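These are the structures in question, set out in turn.
Two complexes are shown next, each including chain A; its partner changes from chain B in the first to chain C in the second.
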Partner chain A sequence: MSDNPIPPVDIKVMWKNQPRAITRLGPETVRRNAKRLQRRRLRVLIQETFGALALIVVFGLYIRILPGPLLKMGAGLMIVAAVFYVWCLFVLVRPRRVPDGAAACLDFHRRELERQRDLCRGVWRWAILPFVLAGTVVYAGRWVAVPSIGRSAWIDHLIVGGGAVLMLESFVLVWLWNLHRADRWQDQLDELDGLDKEAGT
Partner chain B sequence: MKRVAASLVIAAALALPSGPVSAADPAAADPTGDWIGTMHLSKLDIFAGLEIRRTDKGYEGVYDAISQGAWGVPLTRARPAAPLRFQVTNLSGTLSFTWDPAEQRWTGDWREKSGVYPFSLSRGPIPPASLLSGRTLFALSFIGLLMALEAAGIARLLYLRRRRRTRLRSA
Partner chain C sequence: MAGGDDQEQRYVAVAAEFGPAMERLAGAYEADPDLRCDLVQEIHLALWRSLDRFDGRCSVRTWTYRVAHNVATSHVLKRKRRRIDRLASLEDVAEAADGDDPEATVGERQVMERLMVLIRALKPADRQVMLLYLEDLDAAAISEVTGLSSGAVAVKIHRLKSILARRFHQGGAP
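Then we have the complex of A and B:
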């Protein structure tokens, strides 16, 4: 214990005024981050494509199995939504080659971050909305269809309604998660802007 | 499973009918009330019932696949004619009955692409629906749990967004 303890207010001031220990982004770091982003995109592209293909297979079977035109139509719409999603992925999320020059790399990475941020912000339009529409038709078809074995109609409706709410909740969660990701991309963009300012001064 | 699916198909067929019929024949019985009978599918017999009531436009009611545990599949748009007939447009199938005065029952069949299956109905009480089976309880619990988890996730993300906004505003 010191005989002269530092008053708490001073500690706060010292903490706020301490020099930033965070390493500034150098050209190599930018290049590494740019490559990491492109690798991440490739991974997302592969994962989501396989997921969408599985969805297409499952709902293709549903078209054959499920009774009623509404359920069949919903399953068909789900397949259309999955195909549209894959197409959007290949158009929007396709990874690109990182340029060699430092300035070009910085510029490229900034553009890619902006693109990624905008993709996440607009995910409801190209990824969520089509599935919400298709899912709504599926649940509507399930609502009017025969109750499952061992259930009365109102309990079946309770479960189907719960499932529909769960589906919507899931999409809200995905949307918010993507907004959160967009914020993280924006943070990285701000960091790059800080790098630019430093280079300018 | 095929049999179960077939019974469901029939139940679904009855859920969206465009029109039974009845009693143009004065000798035919009034179809209103509870009817029970056995539907003979290719490899399965299903004990089922119809609860039919009269409306301004004809008859309405519900179908109960009693042996399958499925109650309350709605029947609509049943118009008087002979024989009693339900056109099932969504499954391209038909359920039709004719009144058999000697047996005092509706004798008929379910017709769909895969074949014609006999189904006859006699007047009789329909047992009440069971409420919650173990499977239903599991489904409800599972949905409830997932909803709670997702709600927690949504709350967390909303909190993070709010915190970020506050941080940006103060900066």
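Then we have the complex of A and C:
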């Protein structure tokens, strides 16, 4: 036992008198970093938006050149799906600012984690289903259309059917991957719930 | 833009007043010096971005600590997912403290190192309370920042005072 124990106030004083090891950040640096972060997020949004725009342009042309009402309708639905996807990107997926004014620490995290989890769980609704519907109509239109020159009908159907199956497989993989991500968000939520129980709130 | 100037003025004032506290907080959450620097930058970034939405419903101090703890807790959860750390509750730490074998004397640096080790071992809710207590916030302010009930905060403060007393009074260092 020490004869000169450190009183609690000394711990606080020591805590506050720690040497500052980190170079001070000026507002200029912080603003630069904020802009860099915004640019990075914007870049991702722009990439996704350009992808959707390319889809809109291609299927816009298809509407004009493809034969048959079913193919034209499928191309139109693909454009609608792409527009809806871009809208969801900007409205639903866009990251929220930290923090929300009224949120205490753990509440803010819970809401953000729930939002991410629900987005992943609902991906079939806002990203997959519109494209699957549009793609199905396109493939159906292609199925009933006249086979390509030099191809027999059954080979043509085989190619169209194979393409449709591949499309469905890709979307199923995207859906499963998002379900897996939703489970990971849920794990984090369970962790936070555990903290709350432990804290007695 | 007027809003931007206002945001910048607020940020400069907040950074001047709470900058050292944010660094101490980052140090308590992250032991790795490089990652600590990143965390400090993340906190400042979040503060700067948040201040244009500061609505005055709570004090600037409460707002600042909330942002800082939000960012730091997020940092810890991310780290925890990559590297499985076992975080302890105040009760676990209190039990462990009973088995300590403290030395008679200790330098401030050693005390700080021990304190940091203790803080980093705590679960986020306990860690927040500990840090805010060390920053000299009262129970009501800690409750406001963390969102814990005032009763839960009072119990936690009582426990952590007793842990600090046992770890740093009875013979100082281990």
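Note that the second predicted complex is superposed on the first by the 136 of 201 C-alpha atoms of A that agree within 3 Å, B and C clash if a C-alpha of one lies under 4 Å from a C-alpha of the other, contacts with A are read in each partner's own complex, and residues count from 1 in each chain.
Assume a contact is a pair of C-beta atoms (placed from the backbone, for glycine too) under 8 Å apart; a residue touches a chain by one contact, two chains touch by 3 or more.
Remember, it's a predicted structure, so these values are computed and weren't measured experimentally.
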Exercise for the section: Classify the contacts of A:41 with the two partner chains as first (chain B alone), second (chain C alone), both, or neither. Expected result: neither
Exercise for the section: Mind working out whether A:69 is in touch with chain B, chain C, both or neither, as first, second, both or neither? Expected result: first
Exercise for the section: On the superposed three-chain arrangement, identify whether chain B or chain C touches more chain A residues. Expected result: C
Problem - Touched partner set for A:179, first chain B, second chain C, both or neither - result: first
Practice task
Kindly classify A:14 by the partners it touches after superposition: chain B alone (first), chain C alone (second), both, or neither?
Solution key: second
Handout entry: Touched partner set for A:188, first chain B, second chain C, both or neither
Key = second
Practice task
Would you tell me the residues on chain A in contact with chain B in one complex that are also in contact with chain C in the other?
Solution key: none
Handout entry: chain A to chain C touching residues, read off their complex
Key = 1-2, 5-8, 11-12, 14-16, 18, 20-25, 27, 29-31, 33-34, 37, 97-99, 101-109, 184, 188, 191, 195-196, 198-201
Problem - In the complex, chain B residues that touch chain A - result: 4-5, 8-9, 11-13, 15-16, 62, 65, 68-74, 90-91, 129-133, 135-136, 139-140, 143-144, 146-147, 150-151, 153-154, 157-158, 160-161, 164
Fill in the blank from the handout: Residue positions on chain A within touch of chain B in the complex are 65, 67-70, 144-155, 158-159, 162-163, 165-166, 169-170, 172-173, 176-177, 179-180, 183
Practice task
Could you please specify the touching residues of chain C with respect to chain A in the complex?
Solution key: 8, 11-12, 15, 19-20, 23-24, 26-27, 33, 36-37, 40-41, 44-50, 53-55, 57, 63, 66-67, 69-71, 73-74, 77, 80-81, 89, 102, 104-105, 108, 111-112, 115, 123-126, 128, 134-136, 144-149, 151-152, 155-156, 161, 164-165, 168-172
